[in-house]
Structures are given as structure tokens and as C-alpha cells.
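When the chains are written out, they are named A, B, C and D in that same order, and each has its own residue count from 1.
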Amino acid sequence: MIRKPENLPECLIVLLARMRADQQNEDKNGSHARKNLVWDFSFVPLSRVIVMNNNRGNIMKKFKFATLIIILGFIFSSQLYAKTAIIIASFGTTVPSAVQSIVNITSRVKAAFPDTEVRIVFTSNIIRSIWEKRSQSPKEWIKKGIPEEILFTKNLLSTFGDLKSEGFKDVIVQPTHLFHMEQYHDLLQYVNAIRSIKTIRDKWKPFNKIAIGRPALGTVGDIYPYHDDLKLAVKTFANDVALARQKAAALVYMAHGNEVWSTGLYVELQQLLRETYPQVKIFIGSVEGYPGLEDVKKNLNHYTPKIDKILLKPLMIVAGDHATNDMAGDEEDSWKSVLSKAGFDVEIILKGLGSNNQFADLFISHIKDAAKVSGIAL
Amino acid sequence: MIRKPENLPECLIVLLARMRADQQNEDKNGSHARKNLVWDFSFVPLSRVIVMNNNRGNIMKKFKFATLIIILGFIFSSQLYAKTAIIIASFGTTVPSAVQSIVNITSRVKAAFPDTEVRIVFTSNIIRSIWEKRSQSPKEWIKKGIPEEILFTKNLLSTFGDLKSEGFKDVIVQPTHLFHMEQYHDLLQYVNAIRSIKTIRDKWKPFNKIAIGRPALGTVGDIYPYHDDLKLAVKTFANDVALARQKAAALVYMAHGNEVWSTGLYVELQQLLRETYPQVKIFIGSVEGYPGLEDVKKNLNHYTPKIDKILLKPLMIVAGDHATNDMAGDEEDSWKSVLSKAGFDVEIILKGLGSNNQFADLFISHIKDAAKVSGIAL
Amino acid sequence: MIRKPENLPECLIVLLARMRADQQNEDKNGSHARKNLVWDFSFVPLSRVIVMNNNRGNIMKKFKFATLIIILGFIFSSQLYAKTAIIIASFGTTVPSAVQSIVNITSRVKAAFPDTEVRIVFTSNIIRSIWEKRSQSPKEWIKKGIPEEILFTKNLLSTFGDLKSEGFKDVIVQPTHLFHMEQYHDLLQYVNAIRSIKTIRDKWKPFNKIAIGRPALGTVGDIYPYHDDLKLAVKTFANDVALARQKAAALVYMAHGNEVWSTGLYVELQQLLRETYPQVKIFIGSVEGYPGLEDVKKNLNHYTPKIDKILLKPLMIVAGDHATNDMAGDEEDSWKSVLSKAGFDVEIILKGLGSNNQFADLFISHIKDAAKVSGIAL
Amino acid sequence: MIRKPENLPECLIVLLARMRADQQNEDKNGSHARKNLVWDFSFVPLSRVIVMNNNRGNIMKKFKFATLIIILGFIFSSQLYAKTAIIIASFGTTVPSAVQSIVNITSRVKAAFPDTEVRIVFTSNIIRSIWEKRSQSPKEWIKKGIPEEILFTKNLLSTFGDLKSEGFKDVIVQPTHLFHMEQYHDLLQYVNAIRSIKTIRDKWKPFNKIAIGRPALGTVGDIYPYHDDLKLAVKTFANDVALARQKAAALVYMAHGNEVWSTGLYVELQQLLRETYPQVKIFIGSVEGYPGLEDVKKNLNHYTPKIDKILLKPLMIVAGDHATNDMAGDEEDSWKSVLSKAGFDVEIILKGLGSNNQFADLFISHIKDAAKVSGIAL
């Protein structure tokens, strides 16, 4: 969002520094002599003082043309206002069709905050390295519908570096993670690290404020209880439930999970889904961690009358590699194969949660909350 | 330095991920069909597993072709070895001729550590923004002798981001600062911030080890006492002293200084210079902070017989804007003007300390110490 | 554990400082004149130098009687060796009978590490304030069997302060928490805080190494996977299961839980208990969070043939206020009342997990692991 | 300072917990039966809920007698208001007569903030260990005029622990250090550490706000420029100067100094003293670091007409061991001996800066500034 700069002299410094740079450049080429006559009047001595003084306490004392500058400053500074940026941080995906889910979230965030810069970050080094390779033939990928911001996506550190260079002062990092588990914990470490940078003088801090939005299903703590977040999230599953009902199918979600952080939350989510949508039988299993495919299969077999048909869908932001292969692949250990072999009629829905607009909008709400808690104007 | 990877599977993952990316790319274009036959045999299923598994504990279980992979891995992994990078962090300069001092330090560091990647960082946002502007007409500046690494220099965060993306594991940040004052303090905050990032699993840490070398004249603490560093640094001033002696001149250094961190160190340095080189009268003054130009002038007038001639030289890494203008400028408040007016015959030496090879090599020595203390192999 | 001091001069300093203090004390009283004759010979000047020099770099230069001192030092320094302490950190309890569980863990830890100092800390301010009140009539409470270390227990900061004053150099904090949830997270913040104190000179750091042991059921991360910890913990429930089996009862555990951090782990634990002990029906519910008493009741009613008898036991370290009242109380919303009213024959076991020796010994094992990972000798 | 509690339920919890503790105590003794009739009505169930619930989100739901409680709460809570404490942190001294300087600072701080708790901390482990020994015969030392708060002084961690236990919420740490060098740096690490403790729920944070006042001569940074602090401090030396003038003596201050952090500030201070008090010759030397006794001697010999008489005074908070021995001792390497031998007539002033009321009041001013910057009401 464009706001009034808190620190006018600083943005003037940048303004003047850039002007001076142009001018030096021009000077060397002996051109624009006439313009220099004018600039020399005010800027040659001034910009020198300014550029040099960026480490000096007594800047303002030397300003001989302060009034002139302030007038000029207000004219030119509209594009130099203190600025806020939003970083949408995903693990990332290499599957071109899966990119759409992340693009959808990003587009909706951009539409919700039209005056705020929005950047996409992929946190996985490996996934980024694949896109970097692809970006060497950019036209081909853009033709396939991959946006440039995906093709040239950077990591979080580089993006913070860019935002600093471009003069952004407040940053909100919004992960597309499902819950506060490993991925979110690690992202939080990065954000806390950048946030911990305290310079001797406040004005040289890389950023004023850095906020982090909570994952779709919430986070630990009592500011925004995750039980409430679960309830809001569960509402966004209504269409899946309706489809399952129409098809007289049980609804099975395949989550990612992990082995290093308790995934018991999936059971809580499953319970809440069941309570909210008693008309359909709902199951959540996890590629890694508890409850696994075997648990799901056992539970599916537990019912009388027997469950015949299953709608199988990823409980992931993107329908990427996991969804395409682990879930819907033809290999004999895929979820589709295992459940089919167990006698169920399996229908695949190859769509990430990011493609669900209501789900995607949870992140918009979390961005707003993060901004509010951190005192960032949006 | 190229070392054996600590984590073979990880570098294999990257290797395979890149291969898989190439191949997917090729697949889509329907070319290289024959090659695909071979790759499909091993890599199609494998790379899928690998890319997906980067968040998974049980990676290795699924490796059906582990033996093959390990053999291939050793063949290809030579260029994927864990790597170390050195970042030369300067405040920066916009004066084209002053760049040479930084280039000199960097070249000597590169020569000292030929197998280690060396990057230049400018920490000043304003100075970088000027170079960024200039970099839009790169040929012009390269023609003027500006190296690309200066023209396209990035800030510290972006450079850490780049190094992470490129797989560097150990990083040594070597500032070109003179002493542990504001600039070094702030740089330390950045380095400590990146260093503080602890992921749930060690293997996802952005870097293994991050070290920071101390400034030319040392730092606080008892590991490398700054008194010792001062003594070593003072030796590198011998040529200046010899020149002053030959010209029967007093030697006056203009330091940068600041108002927010005690600059009394300059007095210690001056005292040590005087003890070390009693044959020449030596003075240090500071643009900002104590002792200032007036102190220097008063001290110069203190001697009998009167001092006639002065060699005036910046006590700064670069002979940049301060040296050109504050020190050697024609304006009436420049050091040259003030001292000339006070009756001294002032001769200017417009060279930064970075151009002094012996001084520049202090940084090489500090890089070695930082590596040693941090357990980084160089 | 008693180890060789890394820093002999430091322990000599303390030794001499204490001697000097005694002596000054004696001096003022005009006594021990003869002894003073001797001490004056070596210690009057020396101890002065030492006490004063504790902020000085050049201590050793002034040691005129260094040889004598070193000999004396070795004689007296056996009790000044670098020392390790273990802090057993519990939330605490105000119920006198429940204290036994914490005492049991502590005793077993003391027996396992007989040469290491072991301290008890209660992290709850409220609980400590109650014990502080009680400690004003100490005899009464000691008569009731409350150990002094409980009656006068301190908080973590004070205990770290004490250990520093007493010269302990390495500290292992072992929580009695069940899992990495709110309590453990907060404790970790304290430990990380003390650990973050980096003095200019290493020798003035408050502690060399501070380690933290993981909770009984493990923690996040891949160093000690919590799945493995769960498996080891589940083994210690064998006696409960045997008792339930003998009584033909279902086994219901009441956990504490919370609303701010996913408690889904209890479902994982329940699943693992059921797999490990298929001969008995086992349920875990939570006072706060999921799954609650209603979930447990519903699940208990789910079986055919119907469950008649229930063994009800706290899944908590102590059988304190929660166990006595929430679980076993006569109020109508206690677990006993609710389950009795639902038709079950409820038998209470009012014993905390800390009274189960096998369970208590998990903490000994976690102390060993923490020491190993941190390089602390035990 | 007494302020309205931000968190009424919390202070009620403490209130009730204490009542309950009393009552349990009484219950066991079978006394006060009548009172119990009353208390049982409201507090038996309530206090149980409260004590147990201190880790629970839904506390208030169970409050059946909330109205009664709130009324009682307001009556009793006046002594439970959120409280602020000031910690006066000195390195410490073992010299009984030197204690007076610290006591003087503390008394003046207490008088300036009569409603705020003030505690003394000695940061030196060795010095504290000597006082601990002495405190075993407390009467003897109290008879000698040593206040109990000195005799039983604790370290910073223990004092923070005490303040937490006693319910203090805001803490201002005011060092008695002269400048931001080693001692202040290390103290800052402790304060930052305690400040870094972030609990999952804000209400369990050990403290709301922790501020640290800057040393007498200021600190780095631009919030309170140290140049300004130096000027204010120099004014407090007027009496010393007047005395020196009256005695026609030069004024020589012996500072502590150190070898690990540039002590050049002393030269700045000396320069400022000379400018402020041109009527007297003023010199500052340092026990450790630059400028040393030899520098001072050389400078004293530099004047014509020759300096005859010297007033020698410690530039330290206390006239402790350094002052008594290094400065004023009879040994041949004491400042008194060396300067006497060099031909000067040396008169000793054995008073620490803490005994100078104007100097002591600098700390009051710095406490106010720290409170203001941190938003702590005083």
C-alpha cells in the first residue's frame, strides 16, 4: 500500500542520489550541458553531500537549498513512498499444471490488495533449481502458460534482498502451508532472522516491520486459536462434500504429512469434517506419518453397509508430483492402485486446495490478520 | 574450496532433479526419444521419488537402483561438492576511479584462495541504487573499466540468497571496514541473523557455517586482540611514511569517523604510528567525530620548528567521494583548503588503503583466521 | 560430574578470592595474627591482584608466586573442578501426595548420575507461590514428607542464577513434560535465552554448555524421531495393561492437553498402545483439546460386546489437582461421574506417570542423549 | 510504580491461589472450620479450577461466582497491581568503604522513584562469592555499616528470577558502568537474553518490558548521542576542578580501561574536560589499555612551567581495590609511587564517582530515558 513516508529526508536522499548518478553519467559523456547548468546550481554540491553523508549524523546542517529540495521532494516523491510487499511463500512444484493453484492464490491476493506488491517465493532449493534451468528457455515456458514470476522465482533471502534494494519497508510473508509443522517452523526461522537485524541507527534497519501470516489451518498460540481456523477451513470443503454426496461416494483426502512433527492434527480435522458434514463419510490419510494409507484402508473397511465408491483428492495446495504419482499414479503402491485393489471404485480429483477460491481466500484473511497484529497498513 | 560432500544423497538429489528437469523439458518437445529410453529406465521413477521426497524421511527405502545411482553419483558429483564462498563486503563507492581499491582487495583475495568463489557486496543501498541505474547501460561502464561484479553488485541478503541457490554451504564474510564501529556492528547483525536460522532438520539449514572476518584494525574481544592488529596494520603504512620523509612533510590522514560510536581508536592508532615511525610527524583526523579537522590543525601548529609541508591522504579503503571532495576538493571547507589557508603546503595522495597491497593483504589474513576459528576449510 | 577444570587460573582466582575474603574478615577482628603473617607473605598482594584483575588481560604477568600458587591450587582445587548440574523442570503441583512422582523421577536421576548435582524447578509461578507460602512453616511440611527441595523450589531463572554463582559450568535441563507442546516450547525459550548469552570474552560466559533433554514422548526433528520415542514409552505401560486385563477392564487415560497446540499426538499414542496391547481396549482423552471426554465416552460406547468396567488413570506426570478433581472428583462433571453415569463401572488409579519407574527412566535416557549431543560429559 | 493491572484475571488467580493454599493448609489442621464454611461456598471449587487451569484456555467458563470474585478482586488487588522494578547493576567491590558509592547511587535512585522497587546486583562472580562468605556472619558486617542488600546481593539471573516470582512485570536495568565497553556489552547480552523469551501465550512471558539504561558517559547509537552525554557528565566534574584549582594542582584521573575494547573514549573525555575547564590541567590514564600511566607521566612532563602538584583520583564508580592499591598503594608500581618518584607532589582523593551526587544523578536521568523509550511508566 502506498502510504506517506515516515522518513522524508531518506526518500529525498534516494531521489537525489539517483539524479546525481544520472547526471554524473551524463557529465562523462559531455551531453546535456544545458541541463547540467541547472542541476549544478542545486544538485552537484547537494547530492555529493547526500551520498557521502549516508553515514553521518549532521546531514541536514549542510542543506543550503533545503526549501527548494523539499518542494522538489514532494513533487517527485510520490513514487518513493514507504511501500509494503507481500511474499507468497510456497514449497513450490515442478509440475506445470500444478502451478495454477499457486497462481490462483497469488492472483486473489493481488486483487485483494491492489496497491501492494506481491511476490512469489518457492522455498525448495531443488524445485527452484529446476525452474532456473527451465528459465533458460523462457519463451517455451511462457507459451505453456507459466507466468514469469514462477519461471524466475527466487528464494526467500534473495527476495528479501530485492525488496530491500527496491525500498520496501514493510513485508508480510504469507505461507501457503496447511499447518504449523516443519515447513512453517523453518519459514518462521528465516522471518525471525531477518526481523532480528537491529542496526545501530534505526533508519538503516533493512525493514521496518516484518509480519508472517499463519497457515491455512492455523498455528499454535492463543491469538488466533487454531480450533477456530479449523472451523473456517472446514467450511471451504463444502463443494467436495457436495460432489461426493452426488456421487454417493466416500471422500478420501491424501495429505502430505511428515515423520518429524506430529501429524495428529489430521485426525482432528477429519473429526471436524465428519461433524460438519455428517452426510458423507470422510477420511484423511497422509503420505508420511500418521494416519497412513493402511489406516485409511482399514477405516474404510470398517463400515456397514460397505463403502463402494471413493472420491480421492489431495489435501495439498497443489496437485503436483505427490498427487499425480503417489495418489493417482498407475504404480501398484499408489493410493489409487491400493484402494482399487481393495475393492473400491476410485475416482480421482486432481486439483490442489489452492484452486479452491474459498480455501485460497483463507490466506487473504490471514494476511489481513498478520498486518493488523504487526501494525502494518494495507 | 572443493571438498568432499558431507551429504552425498543430497547432491545426488540435486543432480537427478536437474537431469529430470532437462528430460521433462525434452519430453515435451518430443525430441531425444532415444535418450529418453535410457533415462526412463532409471530416472523417470527415481527422480520423481527424489524431487517429491525432499520433505520425507524414508527416501532411501524406495531407491530401487541405489547401486547404479551411487556409481553415477560419484562420476557426476565432482562439480557438486560442498562449496565455500567468500563475500567481500564494502560500504561501496560511486566514484569510478575509487572502485579500483575494492577490486584490488578482491583480486588479491581471489589469488590467495583460487578455488573459492569470491563475491563483492556493497552494503549501502544508495550506492547500489546508483550502480543499478548505471548497469542499465553496461557496455559504457565496462568500457570505462568497471568490472561486472561491481556494476551488478547486490546487497548482502541477495548475495546470501544466491549462494544458497547455488549450493554453497560455507560462507566467510570479510568486511573491508577499518574497525569495529557502526558499519561492522551492523554487518555483524546481518551475519548473525543468517547464522541464527535453525531448521528442524539440520540438512535444510541454509548454510553449514558462516564466519565473519574482523576489520583491518581488528575487533573487540580477546581472540585476536586489536592491539596486535593495530601493530600489524601500522607496518603497512611504511611507504606513506617513506614518501613523507623524502618530501620532508608531515603525514596527515583523513579518516571517516562517525558521531555514534567512539572514534577514540584513531588516537590510539596515531600514537602507535608515531611510536613506530618517530622520524615523521603523523596526524589522524576524522570527517565525523573526534578528532576533527580543527583538532588536527591545532596539533599541526603545535610544533617548533613549524611544519611546512603536509602529505594529505585518506585513511579509508577507497579514495571516493570523501577523499575527492571533503579532503581534496576546492570548496573552502575541504581539508586541503583549510590546511592550505592555515599556511601549510598541502600535497594530496588520492589513493585508498585498498590500493596498498600490504594493507589489502590484512584482509586475506583475517579471512584465514575467521575460517580457522569457524572450522571452515579453505 | 567431577572433571578436570578447563581453566585452572579461574578456579585459583576463586580459591584465592575466598581466602582473601576470610583473611580480610579476620584482619578486621584483629585475630589470627600469626596466620596473617604467613598469608601476607603470599596472598595479600596476590589476592588483591587477582580480585582486581578479573577484568584485566594481563593477569598472569603480575604473578610473583606463580609456582607456589599452582601447587596450592592443585591441592585445594579438587572441590573447585568444573561441574555439571541437571535441572529437573516440572510444571509443578500443589498436592502434597502428588509430589512423590516428581521426587521419584528426581531420585532415580540422582541415582543414575551420582556425581552430578540435581535440582528441581517448578515452572508455574502460581504453584511456586503456594509452596513459598507453605515454606514459611517448613517443619510442618517436612513432617508431612515434603522434601526441602520441593518446599523451597525456585524458578528456572533463579536456579540458573544459583548454578552460576556456585560455579557450575555445564547444565542439562530435563523437563518432565510428556511431549513438545506449549510447556516444552516455553521452557525451550528460556533455555535458548540463557544459551544465547555471549560475552566479549568466552571465559565470562555464564555457562559453557546448556543442553535440554526431550520430553518423555519425544520432540520434533530427526535426531531422535518421536515415533521411536513413542514406541519406547508405550513399553512402560505394560503394567497398566496387565492390571486392566486382570480386571477385565478397558483402560482409559486422562491427559492434560491444551487448546493452543494440536493434541493429535494423543491419537497417535492411543493407536500405538492399541497395536502394542491388542488384548485390552485402550482410550486416551484430554481435559483440554482433542479428543475430549465426550469423544472418549462415544468411543467407549462403540464396542460390542459392551464395555462394562473401566480403569481410569491420569496420563500425567503427577496425580495432582487434575487427577484428584477433574478425573476422580465427586462433582458431576468429573470424568468418574460422567463415565459412571454413562453406565461404566469406574475404578480409579490415582498415580502419576512419574511413579512408574520404567516411565521415569525415560528421562534418564533423555538426559544421556542431551549430554551426548551437546558434548557434556556425565 | 503502582499501576492498574492489565490482566485482572491473572492477579485474581494469584490471589485465590494463595487463599486456597492457606485454606488447604488450615484444612489439614482441622482448624478454622467456621471460616471454611464460608470459603467452601465460593473458593473451594473455584480455587481448584483456578490453580489447575493456569494452563487452560477456558478458565472463565467455569466461573460460577464471577461477580462475587470481581468485587472481591477489586478489594484485594490493590497490592497485586502490575509492578516495575529497577536493577542497579554494578561490577561490585569487596572493599567495605567503597560500597558507599554504590549505596549512594541506589539511595538517590530510590528517592527519585519512591514507588518503584530498587535492587542492587553485583555482576562479578568473584566479588559476590566474597560477600556470600561474609554474609554468613551478617551481624558483624551490618554493624560495619554494610547494608543487607549489599551483603546478600545476587547475580542478575537470580534477581530476574526473584522479580518474576514476586510478580514484577516491567524491569529497568541501570548499569553503573562508565561507557559502552566490555562490561556494558556483556550486561546487554544478559538483558537481551531475558528479553528474547517469547512464550506461546503472551500472558506467560516472564516480563512485559525490560529496558536497559545507558552508562554514565553514554552508549553507541543516535537515540542519545554519546557526545551529548559526555557534555552532561563533564559538568559533574566541576568540584574536582575547583579543588584542583584551589590547590594549584593538575587533575589526574585513573580509569579502569581494558585491553579488549578501544579505550580511546578517555582521550575524547580528556579533551572535553580540558575545553570545559581550561583553568586546570587535566589528564586521564587507564590501568589497562590506552592511555596508560606512562602516557600520563609523559604528558605531565610536557608542560612549561613544570607541573608540581597533582590531585590523583579514580575515574571509577567506586574507590575500591584499584583505587586503594593500583592508584594509592605504597607498592612501587602504584600510580602514587610512580608519579611521586617522577617528582610530582601527589595528593590522593579516595572517592568513587558514585559518591558525587551530580554524577550519581546521571543514572537517574538515564533510567527515565530508558523507561520512556521502552514505554514503561515510572
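Here is the rule we go by: a contact is a pair of C-beta atoms (placed from the backbone, for glycine too) under 8 Å apart; a residue touches a chain by one contact, two chains touch by 3 or more.
Note that this is a predicted model, so its numbers are computed, not measured.
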| note | Neighbour overlap between chain B and chain D returns A, C
| Chain pair, C-D or A-D, that carries the greater number of C-beta contacts | C-D
| request: Could you find the chain whose CA centre sits the greatest distance from that of chain C? | output: B
| Inter-chain centre distance, chain A versus chain C - centres from mean C-alpha coordinates, in Å | 40
| field | Chain centre separation in whole Å, for chain D relative to chain C (CA means) | value | 32
| remark: Here the gap between chain A and chain D, centre to centre from mean Cα coordinates and rounded to Å, is 46
| Residues within chain C bordering two or more other chains | 57, 182, 185, 200-201, 220-222, 225, 259-261
| field | Sites on chain A touched by chain D in the complex | value | 57, 200-202, 220-223, 225
| Sites on chain C touched by chain D in the complex | 13-14, 17-18, 20-22, 24-25, 28-29, 45, 48, 51-52, 54-58, 91, 94, 124-130, 132-134, 154-162, 164-165, 167, 182-183, 185-186, 189-190, 192-194, 196-201, 204, 206, 256, 258-261, 287-288, 321-322, 325-326, 331
| said: List the residues on chain D that touch chain B in their complex, please. | reply: 179, 182, 185, 220-222, 225-227, 259-268, 271, 290-291, 295
